[in-house]
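Going in written order, the chains are labelled A, B, C and D, and every chain counts its residues from 1.
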Amino acid sequence: MINVSIAGGTGYTAGELLRILLRHPHVNIESVISTTSVGKPVAEVHRDLLGETDLLYSDTFLNPDVLFLCLGHGLSRAFLEENRIPEKCKIIDLGNDFRNKPVYGNREFVFGLCELNRELIRRAGNVANPGCFATTIMLALLPLADKDLLTDEVHVHAITGSTGAGKRPGETTHFSYRDNNISVYKPFTHQHLEEIGHTLVKAGNSSLPRINFVPMRGDFTRGIFASIYTKWHGSMTAAETVSFYKDYFAASPFVFVSEEPISLKEVVNTNKCLLHIEFHNGYIHITSVTDNLVKGASGQAVQNMNLMFGLEETTGLKLKGSAF
Amino acid sequence: MINVSIAGGTGYTAGELLRILLRHPHVNIESVISTTSVGKPVAEVHRDLLGETDLLYSDTFLNPDVLFLCLGHGLSRAFLEENRIPEKCKIIDLGNDFRNKPVYGNREFVFGLCELNRELIRRAGNVANPGCFATTIMLALLPLADKDLLTDEVHVHAITGSTGAGKRPGETTHFSYRDNNISVYKPFTHQHLEEIGHTLVKAGNSSLPRINFVPMRGDFTRGIFASIYTKWHGSMTAAETVSFYKDYFAASPFVFVSEEPISLKEVVNTNKCLLHIEFHNGYIHITSVTDNLVKGASGQAVQNMNLMFGLEETTGLKLKGSAF
Amino acid sequence: MINVSIAGGTGYTAGELLRILLRHPHVNIESVISTTSVGKPVAEVHRDLLGETDLLYSDTFLNPDVLFLCLGHGLSRAFLEENRIPEKCKIIDLGNDFRNKPVYGNREFVFGLCELNRELIRRAGNVANPGCFATTIMLALLPLADKDLLTDEVHVHAITGSTGAGKRPGETTHFSYRDNNISVYKPFTHQHLEEIGHTLVKAGNSSLPRINFVPMRGDFTRGIFASIYTKWHGSMTAAETVSFYKDYFAASPFVFVSEEPISLKEVVNTNKCLLHIEFHNGYIHITSVTDNLVKGASGQAVQNMNLMFGLEETTGLKLKGSAF
Amino acid sequence: MINVSIAGGTGYTAGELLRILLRHPHVNIESVISTTSVGKPVAEVHRDLLGETDLLYSDTFLNPDVLFLCLGHGLSRAFLEENRIPEKCKIIDLGNDFRNKPVYGNREFVFGLCELNRELIRRAGNVANPGCFATTIMLALLPLADKDLLTDEVHVHAITGSTGAGKRPGETTHFSYRDNNISVYKPFTHQHLEEIGHTLVKAGNSSLPRINFVPMRGDFTRGIFASIYTKWHGSMTAAETVSFYKDYFAASPFVFVSEEPISLKEVVNTNKCLLHIEFHNGYIHITSVTDNLVKGASGQAVQNMNLMFGLEETTGLKLKGSAF
């Protein structure tokens, strides 16, 4: 059994991690850390866990094999400064602290996009889990980067569910505001752009792709729908491209290319990413969908853990989708 | 023109009042008061008013003919204590301070349920605007109270939209919580029970009705749907009862009895209340729908103003429904 | 491995059954039958199954150990007439054909409410799976029936998600109608009343309870929220009653009593039922939540299968909730 | 009074037209035509009109001053062939039959984008009302076309509410599918592209703009949110551009430029269009929102009628927004 500790245990990604890990056949959850809720039952905060766990929040970890950091962006580094993590304990950071600056002390963080870095992750001591928008967009573009086909500008609109904004209530997550509403935020400047660009270069693109990215707030709770296009300078036909995408992801158990147009709910509550490819007006147009809390966060974190501990990549992650 | 001032100008009911009054042919909005936003454009807070008004928030009223209090429950009394309201200025309170204790100094407040107290309101100097749940439920029961038919227990479930919970964000108005969710709150103990009971007695019921009321939080923004039944001890047939209801509300321009089952959105964004009546198992079953922000708050407040100032009751209130 | 065949394979309950059974460790799906889609990939109809199965629809079963009937109400009997089911093949009917008339030829159907009939189901050759409203309401009332405490009228309002209405699109499942809307249907006359009443008598109530049931259409896709109350004639205190409920369901792995008020999404995408109990005005008030497609249909069907085939009741049913 | 007749009276745009025209001070609705519902009360089909009209459906018009065609795309021409419209009767077509081929017999149709063709419309005998996507996108681009600044490709993603898909229920308007879902349809090939392109040329662009348009289905009922960008080759600064936009629309009473980012619900249930402009990465990025049933259809149709009959453009169109 893998002994697991979770820091930042009251937030959304910690809740989702608990939902997954409580069903994982090779995991023992040793401690769930929250400085604000010490002694409180975990199922009082994540109320859907009633009947599934008697865990109480604690203020520290014991002796975990792996520590998940679910602390919010910028707080992982502070946590590591304030807590002495045993050297042998692996770290999986769900925040963005180590995605672009992957070093802390003598710990190096591998960028945890399993579909690209599978072998590196297997040997990694620490993993920086990718962002949710980043995951959804990168998976759509990895095969093109591999062929060095991201030579022209890439145009991206992606719509996210409300859980991406975290648990703290605010104006744009108020139900009265968000219900039946749509809006844009941080157009062209979203913080995930950096990790996307660097990753695509690592994936084989010879230059840093120029990406125009307009993120949108959707009136749903889970999921990211990305619509992506770029001028097509490839020599493959449409059918060859689809076929190449399928080959590229053949060893990846969670990414599938759909021949038919896709909709967001086909992946909600699963660790899957679905892609659909069309060609129009000299462009390749790719739609990509994930569940931001699963493949975009806690599911991918467990996928990384599975790889880091020599388990089958899909262990504990064959989740029943909600579909509706 | 009626000079109007609005206190508590940043909240939901003030926003709705502004939406209505800005289109009212006989109203001049003199001031919109907010201690926290003095000098700020009103359309910066109620952003849908862009292009409709250049009003700025002020810290006090000038010389209004009528003052609307949109302050939140319990704060109206405090406002009156801290501000000297000119004697000739009428007051319409959208809070619950004067619904059950209708006196402040030498000001008496008439309970502003137009369909019951129309004549009293015409002569009133001050009005306590009814609560949204209360309005929806009372309108369904007034005719029975008139015939003294509320002799048995009344069973009520009513579901409210999120705007009923006000603007301040919190756990149960967080989109991630509320979307696709349903829950009960304050079962059997909701604060509107008192005004409902007293009003039904004033409407003709010889005893205080016993009401079992289960309020629910719905995953929509506007409206209240109430399902109400009580044992039928009347001698009227079903057809006679429907006919009596229609007669009872014949002079009320916003209440209609539908022969067909009703749904919430048939009234959303209007000042209407729709009722539907069926008989089953010895019970009379009444469904009642309103928009909580309009007939349940600001629309009814304007209806009261119209009556208090000798205008046609429907002035400025023939609102296009949203229907969808 | 249990060889499974599913009739009516394109509908919602079949889809949900497939989602569950494809992850069940002891099941082999032998055939998915649909007269209209023979030869078509199952994942073309249930599009979220892309990447999870290569099954094609067939026009008949082979030699299944168990046949699930997902045919829609009234069609199970016709199917059995038109198809010769091998004698040794067990049947689990998700329709309502055999809930109240539990015999077909020499097949007898046990009413598949596991929490009541667990031992009967273990020995059953055929099971009539309960309705979704019925399950949600019965689980709330079983302990009271056991104590013969349903002597007074029972008042029930229950709100269902849109998937309860099936896949065929219609006026009241049109998004433009249903979104942000609420309505009542079949008040006091819903077809589940019969199975609820009979079951509560079997559970120990000495008389057929009188139930006033108002079903409502909610603007969400999955789940049933029931609010139930009846005059309290028991001698137990509130704490004793909660304690008794917990004892009653101690051996039932999917039913939990919450000390805190509950909301629908705490069970969505799980096979759980949560109950919460309060006492007010001389009434016991119980709220009960299930996922209509899981505990209210396909999950419970698998729970029945597990019992019928001597498996651990929870096998394949420890589903990660969606929570949001 | 203007005598009005409406053909295709049971659909969504006819319903919205009725909601508006019943409140219009200078309109008399002479007949609402529906071949399938002759003799039926209009309020039985558009149920929110209960208490607002006693009109019955008829099978033909009498002697209207203006005929609105709400027939669905492609059916307007057929209607004109089957019915002899009096010569003096003006026609406003809400379908797409005459947008790009603006002639029928000796009737010429002016393209009814009021903000561009105001003077032509004032003198028009017939108007082809623009499409909803087209309106939302064209209003965002008119000022750039006026300056001949649409020289580079224009990138558009726009999300529409479900009412845009019409009343007939289908797979993608089923609540179970659409709720909490997002999908793309007709990417790069939407039928509105033609009218958008031609109109922008008429607005002053010297060449036909190349537009990459990805339409999306949103999980809301009303409204279109468009996100549009194109490389900036202008010489104006950001502030100058905003100022130019404001000047361009100074005489247009329904189009406003917001200094702050906008969200869809700021215009829902109104005839307004809000625009917001930012500059990033060498691009001008414009967001544009309308209510597809109002400014995108029936509201704009009434705006056209007002112009055609010499009324103030805003008559009957100062609608209270729903905001929530």
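Just so we're on the same page, contacts are C-beta pairs under 8 Å (C-beta built on N, C-alpha and C of every residue); 3 or more make two chains touch, one makes a residue touch a chain.
Just so it is clear, the model here is predicted, and its values are computed rather than measured.
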{"item": "Label of the chain whose CA centroid is most distant from the centroid of chain A", "value": "B"}
{"item": "Winner on C-beta contact pairs when A-C is weighed against A-D", "value": "A-D"}
{"item": "Length of the line joining the C-alpha centres of chain A and chain D, rounded to whole Å", "value": "40"}
{"item": "Between chain B and chain A, distance of the C-alpha-averaged centres to the nearest whole Å", "value": "46"}
{"item": "Rounded Å distance, chain A centre to chain C centre (Cα mean)", "value": "34"}
{"item": "Residue numbers of chain A (touch at least two other chains)", "value": "12, 161-163, 176-177, 179-180, 219-222, 262-263, 265, 268, 324"}
{"item": "Touching residues on chain D, where the partner in the complex is chain A", "value": "155, 157, 159, 161, 176-177, 179-185, 187-189, 210, 212, 214, 216, 218-223, 225, 227, 229, 261-265, 268, 278, 280-281, 283, 285, 287, 324"}
{"item": "Complex contacts: residues of chain C adjacent to chain A", "value": "12, 15-16, 19-20, 23, 44, 46-48, 50-51, 161-163, 179-180, 221-222, 254, 256, 258, 260, 262-263, 265-270, 272, 274, 293, 318-324"}
{"item": "Chain D to chain C touching residues, read off their complex", "value": "12, 162-163, 167, 169-171, 173-180, 219-221"}
